[in-house]
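This structure is in structure tokens; I'll ask about it shortly.
Letters A, B, C and D name the chains as they come in the text, with residue numbers starting at 1 for each one.
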């Protein structure tokens, strides 16, 4: 009941503290005989890695994944796949001074309240490094989805107050990866990068949003009551560090619309039933309808900043904290593959569940 | 794997189609010896019931709950509590004409894609009536929470483009229940009601948002990785019919803030560690920090409208649909107790889980 | 976590105390479109029912199942199937005197230790009546299995010291149902019935064993580590009231064999790989091998007897108990359909799980 | 749904093939702040290790456990504990010749039927080496139980036809560990060892039984319906390689008793309610009653033998197999800590679950 597992048909379990020798993930429930694409695994991890550009922390992680089990001769065996990620750049010393001070908007206080003990060497399980394990698992989910014609692509849709002017219907992955900020709109990307540089220079941080689009998903995935596709996606997204919101289809903006404008008319296209608009975001009644699944995730500004902050220590005494660790001024560019990974895990889980219908 | 259960420590399972003799819920995992408050159960159901005001559908449901098991002499036995809700006002005839037409933004199409069959008598499991079962279960969760000093209160924060000017820190439940629209701001409530009347007259529908505030929650609830408190709340909310978004604390607006402004400074109040702002929304690192848990849920305009709509039938032939069923022009006033119920189930689940720490 | 659910892909949840108005079961995860065989459901319940012969208690239950949901027009909808069983013959008075006396080898003492409260009207969840819900659910599992060519048949293999001389390879269901004791060996059946009559006359009870044979099960069902087919069968059987043991294939007797005699040689029959002996009991490495699955279950003598017994009351004071309720002198004849039902639920669960392999 | 996890409150997940670089286990749900006893962990692994005596295979495993996460400064953090066990003595060559031949009573055939692929380097997940991961996890469960005054001790009660004459009420662990066969009865132990030597010399194998006794378990653990303590123990035991049976309390022998002799009379001892006999085996109605929990497990003779055997290859062609690997002639002496580990995991799981009652 420690909540370190995710998924029902395809279930992953992550483990590891950021300053221990290694972290890892166990992936249980992948069918046997699936070809393993190491390039996809490595590129997913590379896109999440810190230090890929001047926009992110200098903390380096090699993230060379070690597959301990479940794969033989390039194919899955049907047994659990364990992937180990060594922690090569552990600088516990950076954190020593933090032992007794409660960092604002970090998990120090809540961990003490929950467990009564805390690993002072870093963020413990709250470390963003834990998400590398999810990305590794998500890469395997993407392999399964690709075989079924499903693609999952995310990009940065806003940084601070800088938003894309218009969001395209489909994702141009080349344009996404063209800049380190991972926004496919070149103009907006330039503004976003400038903003991140400015915030970084000020020792501060800024938030942003990520759009994710799932294409090629067959109609029929998701369960109608609690395990709705959007409910599982929402949980997946809100389980990522620093997320504060989720919306699908028309989202919060849709609350101001009239039903007559919001309803997505059905039509027929090449013998297939489609909708001519997509305010539903690809999900109706909790179940995919065959249109693109479109959702957006809100990330708060990262809590670790160089600006001095007022806080208290564990005994409640006032303190002024000036953090010295290495952290990103803006988390969204590196969070793009994390969002893709978690989305892929949700869709793959429901794809396997739907097989039980025997249809 | 049909996804009709919710919760790990406190697990509920709902069943029933809207046009069958009865629906129900089984609640498993409530501790023994807890006093059962029938008034709370009945008032929760009454607040969700259709036909309570001119703002909602005329469809009447008595919702007199029948407790079949798990309670003896006014106290829980520790065994599963089954609550049956008879469906007294079934008018299948209203739905007969819909059998072959795919209603826009309903689940007709996706159910066919998923199951290959469909109960033509109504919305099947997609019917909003299913949420009555959740409200009944949520009432039991609220009884448990009340014993621990936790309260859960929601209200309507916007209808269409009409929003409250300022959201209060605490909820005035009297003011919430003062008007049928369940907005505690009298001025906004009047505008909201006028808007709903206007939309109703036009045979149309409109969306809205609900704010929920959980007070008195002890620090330490929630698990740090996948089963974060906000992740489970997000899933709970997105599993409610017609929801399109969830945000906690600063939410989407927080994405434009700087970390130095967003971070919640710790301070001490009466020997207890608090934060002086609450952009975190009461949760840090996935775990409650003892402050109020504040989140907001987006509801789309209900899909059933009297305005004629273009669509297709199951064979893909174009059709014009004019719905005749009885439905609410705006769902948010009646969704308030549903949001409270689902929130209560999440917090109660984590409260029981935290007991396993033995602290 | 109250443990009232069973199964992963096909999950059932039972509820109800024996002396409440009704008990029931919710079956979640059955594929849509499956024809519902009411005759099978009714005959399974009839075979479990008390009062079917002079060998069992006079307590009458009609067990007319009411299907509340999940079925329309004779077919499953894919939604949860709720079956209600009314408790028509409740005689709480019989139990009044038992309120404070701890009945030997009943659950009175352990319920108090667990919950601190107890429903004095009967056995609570420990009542054998709970198994009627399992039988109803098992009937649905059998419908699924029958469509896949799998049959599940059990019979009484011993009562007290009276055993069948030789156990046949296949089950003659006609011979099983020929006598109320449900032993297909007419000679042994006569001795068993005489023994039960004798025990009944003495106000005492006696135990016995049930053999179950699952035929037509495809190779490949079961998971290799924890969710082995035999592990799930063992759990299913030991979750039935009054069971004390489980063995599969060679079982306890096999512990005295040499490997060279115990190993089942592979051979080919009509192009299909078979084993020429079946000490494995149809399962190897936790996975079905296509041969008959054969296991045996031990039932203790029922605890309720008319013979006066020494015990204590809840305050620890010595008491002599003379039970007055109506109970079977031997439970195994009526437990045959319960064993079949639980076995069917296990196999159906694994059959659905195996579909996720996509093979 | 791959079935590689076990437990609900305390959940373990194992991974790894026997011939890969390492195997491991993730333990989720252990409370924070618990002292970690490395000596207990190491001694449990040592007792399971092959090559500890002339009675077992010469295959050497060092089993030096590497704790990757969840422990800091000698105490649990509340986060998942990952333990890695390197596979140091991999001789895949021994297995090469087996690639296409189906070894009788092994999982070769069923793995192919299930997955369509197979890791030819060894037993895959069916390898007995997987149980080392369970023993490591069980050691942590034992640490938790010890803090609550619960002990778990097993011993060999029979090898082939050689049984202990009388089974003692309590376990003399010193006597158990006095001989490599782990039978506390010196006379029987000598006969058992002689039998194993004889069988080994013949290139054959033999089965046996293990008795397990859990003492100090508080009354109230276990759930009354499906998750009965004995049901979870039965599943745990039947999930161990080579097991064919489980019985608790009077077990199969109890089926021949009369209820008047089988019922365990209640009495009072030092103000505590006890039973004067223990045919129930410490569990009544699925819930522990405070008496010793006593059960017995049947192990078949190991399938790998040096005697030539008739079988077929994957294409169905007849073959004669003469195995060359290194395997134990009798598995029970080394299975003692595995039985203890799995039993400890079950009881610890229920101990944590019972905390949710808040009693």
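Simple rule for what comes next: a contact is a pair of C-beta atoms (placed from the backbone, for glycine too) under 8 Å apart; a residue touches a chain by one contact, two chains touch by 3 or more.
Computed from a predicted model, the values in this text were never measured in an experiment.
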| item | value |
| --- | --- |
| Most widely separated chain from chain B, with each centre as the mean of CA atoms | D |
| Chain pair, A-C or A-D, that carries the greater number of C-beta contacts | A-D |
| Approximate Å spacing (C-alpha centroids) for the pair chain A, chain D | 39 |
| Centre-to-centre distance between chain C and chain A (centres being mean Cα positions), rounded to whole Å | 46 |
| Residues within chain A bordering two or more other chains | 1-5, 8-9, 14, 29, 32, 78-79, 114-116, 124-125, 224, 352-353, 356-357, 359 |
| Parts of chain D lying in touch with chain A, wherever the complex brings them together | 1-5, 8-11, 13-17, 20-24, 26, 28-30, 32-33, 68-70, 72, 75, 77-82, 114-119, 121, 124-125, 352 |
| Contacting residues of chain A [partner chain B, same complex] | 1-6, 8-9, 14, 102, 104-107, 109-111, 113-116, 124-126, 130, 158, 160-161, 199, 202, 204-209, 218-228, 230-239, 243-252, 254-260, 262-268, 271, 273, 275, 279-281, 283-290, 298-305, 307, 309-312, 316, 318, 353-354, 356-357, 359 |
| In the complex, chain C residues that touch chain A | 9, 29, 31-32, 78-79, 224, 352-353, 355-359 |
